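Next come two complexes, and both contain subunit A; in the first it sits with subunit B, in the second with subunit C.
After this line comes the complex of A and B, so read on.
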């Protein structure tokens, strides 16, 4: 029956879906294409009206300028870049380092206050980040951390950890506890059973969590602009914004910087994605 | 191999008694089945023996060693799980090698033992595969291999056959029994399937509600159940139980239904008089009851409720005083539902239980 219906002529729903997906694709891809195209235009070409759809004199000058430490704009950009990288990597490593044991504990152990803690973790996510801006700023000032990268790492951890723990707990819930039982009977300590059996099986979850916290820290803007006050400590989102204000007419430069900023995230995703798929197919989380 | 002794073992979760004062001894080389319905505490008991969960009270000895506070890894036992619990990211070889690696054996010796275990279980050709590439039966063998690769003092098995299809289950049952005989292994085997217990075990421990009901050989459990729970749990189809009253006149004791009486033999009369009240439950297995198509003294009237032919034998469910009594008949005998029949109980093989305590009258 259903076969005959779907084969009969025009399936409106299916086509509506396709049109919707195509629009969605255009919506996400066109700005990126425009970003890349603008970044290889000359300053003059970028400001032309009607716009040049395809750059007539493509140039990589904007990139060489940004990546050249001798150039003042390049020096700034590279410093911001390293700051961002440092903060994001530190956030990711610390975040995963804390989230893995925490998620495991939430998944496997019954301890007093477990439910309360777990929902406290979620409760944080019900408020917009801005609500915590002033309290955290006061807290950081009290701890003498304002202006340091540490203040941002701490802040990103407080925001990233709840979701990381929630995400990873789901993974641990899906790993049969009998695997650990088997390992412990086979001669492993509880810790060995975790490290040798459970941890490898949760690799996809750990990678997903790592990508998640890296991107979160890499793109964060509001806290970075509030907590950091010295120019040489700024992160990329803030740095690019200042750069935007100072050279407001340099659209190709801005687009090049934006493009370079998106490179680490894409690279991270591509590199880890292979791992992700491999771990998913090999590990087969179900026993 | 070693014996395993449980003494007054208790496990409580909050106010729930999961295992309630359980004591039994598994002899060296014995195959003991822990049976009972879901939630009776049999798996919890097994996990207590394995040391996977802490005890609330009592003692467990493996060999001569008190293991109450030992980690699972130090108890020198092996376990086969219902879902096999094979390490999904390791090959079959590495699964089998894992217990040996954890005991820090030399690489060459590990390879030798794994190869030997694989040969015994006929899984040599699977050594380089991952568990998910194996069929259920093959996974079962690998799980068994991982248990026997390192001569443990006892094997614990948690419903190892219940994930297999019916045909394979019967085949693996035979192999497990053979495996036990060849290795002379001490095996503690958890199952909810009383047939598995009866066919494989030297002794069976019947559990219900966290308490041990009866611990004896399958034959004794079958022939002399200690209470109505064991009587109705062991045997397929279950023993029929009919709640009745005793009527005494002089020396003669009879069981009375609504409009009939069943005179008891002197031996049974003595048992019935030991009851705490006049409430007595009559129990009988299908094969000990004969069916007649006419009334006669000493026969119990009933009405045929359903007829279930199975090929070899036809089971007839008969309504007797509100209870169902199952009788087995030769499939050649024609029988129709809703006809009146009369049942003869074999006085030497019927069971009497105290109606108040549910305990067997002896």
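After this line comes the complex of A and C, so read on.
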């Protein structure tokens, strides 16, 4: 009796799950599809009611315009793109360099103040960017960094650091300490054991942390809009806003820019997906 | 140098040799944390102190600190007596709670549905995760276009399907604006809950579920009495992280509506930003931030509690 009931109930749930997933997929994908469809329309075709559900005369004009350095719009766009790339890469490299030793220390050593420091690190996660804007703005002005890319790199470095340390600590916790003990017995110093044994083993963690830093810096908006004042220094999220808000909004152009802006992070994510997912869940899930 | 990094630090600390002595003995350990610590101190401790200090002053728009004047608790009184404060608080609560609840529940549903192996599962997971990695700025523009009052997809759909006579102006209506923004927010973050919970589901012992099935427990009972208790920890962390992220969100409401119309989608962070960088009233904005600190500290307390669960007895 129970067997029949459970099997029947089970199938019901499975179908409910499928329907739910299909709807969820629609919810997720429709905005992305509409972005792409709009980006291959002309301004005239986009501004129609009812909308052209499928573009009647698809065109790549919006993309060629943005990617052509000879075109003023394209020159700006490519410069913003380059700025974003430069800032994100610099943030990532510096961030990983600082986070790796710190996370290792948090995972391995028991020094006075360790717990306090660790929670101080975590608590940074709790505070909104906007709260730090004013004091950091004054700090950057004092250091003469306002308007420079350095101000953003320094800022992104710190707001990415707590998360990086937290992610990496999860990875270090899972590397058996006996490996280091063995290395020490074989005559390695503690630093050598760290560099030669632990570091190579934590490569997946480092990759994951790097993805997070990169995506965080690439997508950041609040600090970028506050600290940067010169048009040629803007990053993409701020740049496309400045560019498209100046005129009556060119929606197809904006959608093309949005698409191009999303390409690096989505590609990075799709290629390194397993690290990304692992890192995100590592610290939170304990059997 | 090499000698000071002794094996002693790898072993559990000996019985209380005195804090100072311990710090001196293990000074090399601090070298690993020092770079992170310096950066943190400069960019975190200083701003927090600065904000608290500033909240007691009236500052000129130029942000020249020597021209500021001490006003005591006046900024706090101004905030608490302003009707806008309560309106914004109410919006923030709706925004935070609704976004968190729906993102979590949808994420849970998706995690359960994706738990079983089936063809295309990996592709599906990747697709569902894309909104989480795409920038909030990009998402905001795309959704703003979807909600567009004249040429938007949703407006046109609601007419073509016969729900309304003319396109709904989602973002310019006092009643639809906040729910519309919450939908965008859920779109962006449900997949975060999804992968956290998918990882959590792997810790649920399969045998236990099978045993319960043999004993006649139906799907709902198995879920409620076996799966859910195992997901408790990860759910706590997920919900808290979502709450913190939502409480702190800025980009989506800022780009899509700027807090409008008439403050109907103004939440704390957009409000503070307007006071600081719009009206340039830095003292008032600081006082706002301090109140926010207090709320966040309370949330932070629970966050740390949820995270440290079971941290004792691990490596080292």
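Odds and ends about this structure:
Keep in mind that, in the parts below, the second predicted complex is superposed on the first by the 244 of 287 C-alpha atoms of A that agree within 3 Å, B and C clash if a C-alpha of one lies under 4 Å from a C-alpha of the other, contacts with A are read in each partner's own complex, and residues count from 1 in each chain.
Note that in this section a residue touches a chain if its C-beta (ideal position, glycine included) is under 8 Å from a C-beta of that chain, and two chains touch if they have at least 3 such contacts.
Computed from a predicted structure; not experimentally measured.
Once the two complexes are laid over each other on the shared chain, residue contacts for A:21 go to subunit C alone; subunit B is not touched. Once the two complexes are overlaid on the shared chain, A:13 sits against subunit C while remaining clear of subunit B. Look at A:134: by the touch rule set out above, it reaches subunit C but stays clear of subunit B.
Of the two partner chains placed by the overlay, neither subunit B nor subunit C lies in contact with A:91.
Of the two partner chains, subunit B is the only one that A:188 touches; subunit C does not reach it.
Within the superposed three-chain model, A:151 lies out of touch with both subunit B and subunit C [touch as defined at top].
Between subunit B and subunit C, the partner in contact with more residues of subunit A is C.
Where the contact sets of subunit A with subunit B and with subunit C meet, they give residues 181, 184, 189-190, 283-287.
Looking at the complex, you find that subunit A touches subunit B at residues 176, 178-179, 181-190, 192, 197, 200-201, 282-287.
The part of subunit B that touches subunit A in the complex is made up of residues 47, 50, 52, 71-73, 75, 77-79, 81-89, 98-99, 102-103, 130-132, 146.
Against subunit C, the residues of subunit A that register as touching in their complex are 2, 5-6, 9-10, 12-14, 17-18, 20-21, 24-25, 27-32, 34-35, 38, 46-51, 97-99, 101-102, 104-113, 117, 119-139, 154-155, 157-158, 161, 165, 172-173, 177, 180-181, 184, 189-191, 215, 218-219, 221-222, 226, 237, 240-241, 251, 254-255, 258, 261-262, 265-266, 269-270, 273, 276-277, 280-281, 283-287. Residues of subunit C that touch subunit A in their complex: 2, 5, 7, 9-10, 12-13, 19, 22-23, 26, 28-33, 35-37, 39-40, 42-44, 46-48, 50-51, 54, 63, 65, 106, 109-110, 112-114, 116, 124, 126-131, 133-139, 141-143, 145-146, 148, 150-153, 156, 159-160, 167, 187, 190-192, 195-196, 198-200, 202-203, 213, 216-220, 233-234, 237-238, 244, 247-248, 250-251, 255, 269, 272-273, 276-277, 282, 285-286, 289, 292-293, 296-297, 299-300, 303-304, 307, 309-310, 314-316.
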